[in-house]
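Here come two complexes built around chain A, the first alongside chain B, the second alongside chain C.
Let's look at the complex of A and B:
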């Protein structure tokens, strides 16, 4: 199996929605690992040494612009993982995998949209 | 189109494959339990999104102390929430590092380097577990 495939070459593969959500699941998973790992380390150093770097990292984490990204990543990863787990437990629903993807976005958009709407509204009004 | 053949043996990869599904579902349930606990304990009117995420994914009194809720230690410093924290940490850390291993091994060949990469990931996993359980028990 040839593993030397660039991202550009890989995106040319006509996998459509399931392939793109596989890619996004992978990227968002690594992002969560990086985010949580840095968060643990920065909290540890903030507690033990009070370093400026750790404090600045935590300020970035708590800014509302960063929250928009983190919320997207976490909710997408959770819902996509839920879809994968359900389809793997009951493989006969795999016939409807594209419909499952649509359902996933129908659930994602209200949850994420409402969260972001409240987040932006509260922060723009200085609340 | 022929589907990919999967070895039916009860191997390490098979156990981790099942574990990824179970731990993912468990993390969703634990997150819902954390949010519910936060709302029951009075986070209904004075919580923002970073705080809500903090309560959801690591309901530790030290972790949620920054939020505006008074008497945060009263609700969260109990054995029940300590067990919940340990479950979340175990599932999340194992799920995360196994995911990292999956991604790395998808893009690398099976060379002599692989055992060292696995060992490094195992050490990071162990380190993360020990640090977080220390935090849970010390708080």
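Let's look at the complex of A and C:
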């Protein structure tokens, strides 16, 4: 038998929270690349052709549902990156990796909650 | 209690593909998975193959995936696992038969970090003295039993078996931070290479998998910091 580990088999490994946050960090990183890409493409078409494509992209981009998703991904990626950087600089704190993850969500929830609150409020008031 | 074991089976002489077989056994909550495997091998199916030697968590031969996570079969108790237990070989290594995997790539990586004491200075009249603090510095990483549970839990190793892996870094750490050793710099150079420490993305599976409770990710972090700063402290 060869040694290849399939994606399915890898994902089934019971790594728990730390492994999931690593996965989410990769996925959110790629997603951010996609958002920025969309933004660049829509600005480009807007300026060059003023076509419907650009307007449609912007409608998706600016819809509040999309914004809720984008802010989740960006805030998670930023906080998780911060945690990784801090633990890289002071490896002795790696013993508290699990606690660090809890702390990270503890910081994430109020920031994200406030963001959603503002988004919905602005949307309801038609702002 | 009745326990249902779902066991990964692969015989290279007859099977093209691996399969799973289920066995019902009577067990005590304090039984270990190794006891159940021994029972199946001696009374139900003699062809079941797995490695074991000490049966006391110190030789490191029976690391395997139990309920989706790497553990030693001789340290995994039935009462912690429930009455449905899945047993599979370690991931990322070639399966030779059932739970037996080809450990050679693992030991190849291990040998790369020169896991032995190096000091060419003439020995003093008596022993090379070391303070309690100096000994304490690398105490955690002396506990490794080379079972490969950490290395085969690491997604970076799954992706590329040339990555030296957590176990090799732990064993390098054991000598890099030993005040009597003189080859720390060479080991750091090796670990600074393409397949060295920077393939570690602090995923933490290794620390969770270690049956000796070594702080593996911390040891890797300390080696990374030593490479980055050039300081051993």
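Just so we're on the same page, the second predicted complex is superposed on the first by the 116 of 127 C-alpha atoms of A that agree within 3 Å, B and C clash if a C-alpha of one lies under 4 Å from a C-alpha of the other, contacts with A are read in each partner's own complex, and residues count from 1 in each chain.
Convention: a residue touches a chain if its C-beta (ideal position, glycine included) is under 8 Å from a C-beta of that chain, and two chains touch if they have at least 3 such contacts.
Small disclaimer: the values here were computed from a predicted structure and weren't measured.
Shared-chain residue A:84: touches chain B and chain C both.
In the superposition on chain A, A:97 contacts chain C only, with no contact to chain B.
Of the two partner chains placed by the overlay, neither chain B nor chain C lies in contact with A:48. Using the contact criterion defined above for the overlaid structures, shared-chain residue A:30 touches chain B, although it does not reach chain C. Shared-chain residue A:125: touches no atom of chain B or chain C. Judged by the touch definition given at the top, the superposed model places A:12 against chain C, while chain B stays out of reach.
Of the two partner chains placed around the shared chain by superposition, chain B is the only one that A:62 touches, whereas chain C remains out of contact.
On chain A, the surface patch touched by chain B in one complex and by chain C in the other comprises residues 3, 84, 88-89. Within the complex, the chain A residues that touch chain B are 3, 26, 29-30, 32-33, 36-37, 40, 44, 61-62, 64, 67, 70-71, 74, 78, 81-82, 84-85, 88-89, 115, 119, 122. Taken in their complex, chain C has these residues touching chain A: 10, 12, 18, 65, 67-69, 91-95, 105, 153, 155, 158-159, 161, 201-205, 207-208, 215, 217-218, 220-222, 224-225.
Touching chain C in their complex are the following residues of chain A: 1-3, 5, 9-10, 12-16, 18-19, 22, 84, 87-89, 91-92, 94-95, 97.
Those residues of chain B that touch chain A in the shared complex are 21, 24-25, 27-28, 31, 48-50, 53, 92, 96-97, 99-100, 103, 106-109, 128, 131-132.
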